[in-house]
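Two complexes come next, and they have one chain in common, chain A, joined by chain B in the first and chain C in the second.
So, the complex of A and B:
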């Protein structure tokens, strides 16, 4: 009797399982619910976080990367797969990378190099069709930049010169202003030369102090208003 | 394996003989070699031989600065890599007293529990496959695939995550992540009911796992067995409950226990753990605060003051401990990993003694060992 029961229980459990299998089979074959990505015809879009070989970011302002060849990434890479060199370029303040090679076959995609970069010029590329035919799977990260390098250097030199000129002009102006103030002060002092002992307040400094005071007052008023508003807002829910 | 069978032993052994299982056995998990001494079909003695996947992670750590060990962590146990990765981050944070933003804490819990679910799903899939059921394998991997896709969107990798950083996580999650995660959890509820019918109620599955490979609580204590295997033996020990780390003390969840201690109980405990993990994720998603996940760039180089730090987490396989020893330099003096699979496997000779050779795979599979984690 027990044996017969066992047979029926067993058969029933198999049928229940089979029903589930048939359900899934129907879902995918008869309803044709496609779950496969039609890869070569439809290209997948990689997510924002997708990690592939690192690459240098092209900044809009300079139309180039910002790698200074400091080797911070090379030193922190746990897979020792980055090799980078930098050199001084005439007329530019910062160094420029002259050689940036990365062996993708070794990379463990940890992102430590991206965190370590002081100029934030590294990011993951979204390459996914990566095929390697050799054991050394080198990526030359400067490949896309080499053609623009001369242009970049010229532009950067111009930018830096302009910056320097601007700075010089500002310094000149400041100097002139200071000289004028000094002259005014001297004149003032000469005027008040007779009593002599009392130092005369600088009108420019006075104005600045006035300005500062006004600013602080305004800030304090704003803060008081904010506090009042908060105080007004808080008890409301308590009452209701 | 002629060198192991010595001629002079032959008489003493009577009819017994040696059988090698693995390291390239198709249902052996990873590269484990079991040296079985059999008398007929009965196992008289079993000896696990390990070391085939040894990659010297601990030694590697001693030769590089502290952050450079980060990618190694998730490769120790590739099935719950996120938990291990975050364990290292939390250990370093404990050592250096680094503050972690609230949002990052919650995200860590969500991704860890997702990782736990995916690990358990994979275990169910492979275990059922080990003892003869091929179909559930496909369905469970389908579910696991969704988790991998969700994780891929925020962490950038599917298996060997390097998501944690000292003081936060690398990338913030967005609304889509939360939606996808809750949609997945909703879907999982229905699927688990299906698996219950398909696997748990199947007579063949029950006959092959019920009463097989009983590990009692005393054996667990002797060998340091932890995780679902311990809870299936009736001991409610879970690091998340026993010594809550991170923000686990804020969540309401149960530590499922059963008393049978056999393979079926271990299956049931894991299924219920999937439900508990879903509960934790739902709570974390509900309470997820705003803010930054990484307030400042992670530290590149630091010199912890000399001393030791021990930090334990509950991985999908049990109590995972990280023991960091610093001698005050930029490189670790020693990083010792206490991996749960190693202790769980250590109990195997005792459990296997006296069982049938046909049950070996059912028993060894049921403790969910990951060989790379044992060998490090």
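So, the complex of A and C:
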């Protein structure tokens, strides 16, 4: 009796197994729920914490990077995998990077370059298809920016000119305002003097102020002379 | 007597040639499809996609595979038994083609309609085992030899319940028909089910189950794929074969699967009989359904141990099929 029961239990277990596999079959065929990612056709979204080769950030305001070619990253890199060059561009205050290459084969992903960047224009990229087809393959970080560089320079020049014009205009305005204020003050003073009241400034006070100014100037001159004498006496400290 | 291709042409030799060409072409297409189906079904069962790149749904993948196998260099390892090694793939391949030409695809469509059809199918099935052992022995490789020995032991054992279970159907057909009826004739078995209006799986369920289990073992498929158990024997008897010779073994394996499914269709599932659709369509629908179940089983169950396999055959299947045959014979005599 137990043997017969075992046979039926065994048969039932076979059917249960078949039911499980056909359930998964149905899920993939009918419900089209797939768990595999069709890699070359579907690209994965990398995690926020994913660190790959560094890249230059493209800022929205300028539509370009802000690398000034200061070589801070190149100097701090413990693996010597970054090489940067920068040059002055006519009409722009800051320098611009002319060459930015990194050898990802050497990079240890320490992130020091990102911390060192004075313009905060470096970050980790999310690249994951890091395949080189030659032995000396390097990332050209400026590759995506080169096409926009002329446009950026023109725009930046216009921006800076506008800025300068704005500054000049503001200075002019300030001057004008100051002049107007002086004029108004003078007018007020004249108005106040007219009824025969006491004069605002008295000659004694003016003389005292003049005396004080002269005194200060003399003291400063004396101090400068003392300093010069001291510098001449002691040997010049070594250039650090 | 139903028309056959061999009878349609005047010259018997020409008819046989046309028939062989047709069967080989059909079997090749069929094998390509079955390999694709196996890969797709296994992928879907495992929540994967399977081949998707070559052609629609990856259907041309197997054609690419075939072209690769054809164009590969044929490597003959040193120290093999050259005659056996070279003949073995052909010896496995030829009986398959011969056996596949015996089936009634529709009411009057078959290449040859023989009164000993069923016997011939199993005889050709038995011939293939000789080829397998030649391959295993000739390869001069311990894995190949072990695989071949297992294959021979398994196939010889499982042939007994296989044939005994079909024999009960033959007995039944003979009992139900008149004096001219021959239960060994595949076309007559199919038309008998069509005339009576029911499938023999309903009156012979035990025989059908035994047949199906034994057929899985005969075709060396999981859970009875011990002759080529990958984890133990590399690839079993065809370990040393590559290129087109390997393809011939593969071809024979998948065609054998198709042949046992066709036998099951004819004996237990009414052959070409079915409503609305043309007969050949029903025939292939049923056959592919059975093949699908075989694939489904392969990707569900783990492999048996060899002693489990043999004791299951000798202690369960053979007594059960003999019992079934005796009961069938008794009822057939009584009715």
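As a convention for this text, the second predicted complex is superposed on the first by the 147 of 240 C-alpha atoms of A that agree within 3 Å, B and C clash if a C-alpha of one lies under 4 Å from a C-alpha of the other, contacts with A are read in each partner's own complex, and residues count from 1 in each chain.
Keep this in mind: a contact is a pair of C-beta atoms (placed from the backbone, for glycine too) under 8 Å apart; a residue touches a chain by one contact, two chains touch by 3 or more.
Please read all numbers here as calculations on a predicted model, not as lab measurements.
By the touch criterion defined above, A:24 lies against chain B and chain C together after alignment on the C-alpha atoms of chain A. In the superposition on chain A, contact is made by A:14 with both chain B and chain C. In the superposition on chain A, A:108 makes contact with chain B only, not with chain C. Of the two partner chains placed by the overlay, only chain B lies in contact with A:72; chain C stays clear of it.
Once the two structures are overlaid, the count of chain A residues touched is higher for B than for its counterpart among chain B and chain C.
In the superposed model, A:49 lies in contact with chain B only, and not with chain C. By the touch criterion stated above, A:36 is placed in contact with chain C alone, chain B being left untouched.
For the contact definition in use here, the residues of chain A common to its chain B contact set and its chain C contact set are 14, 17, 20-21, 24. If you check the complex, the residues on chain C that touch chain A are 41, 43-49, 52, 296-297, 299-301. Looking at the complex, you find that chain B touches chain A at residues 64-65, 67-72, 135, 139, 152-157, 160, 162, 165, 170-171, 194, 197-198, 201-204, 297-298, 300. If you check the complex, the residues on chain A that touch chain C are 14, 17-18, 20-22, 24-25, 27-29, 33-36, 38.
Interface residues of chain A, counted against chain B in their complex, comprise 6, 9-10, 13-14, 16-17, 20-21, 24, 47-51, 72, 76, 78-79, 108-112, 115-116, 124.
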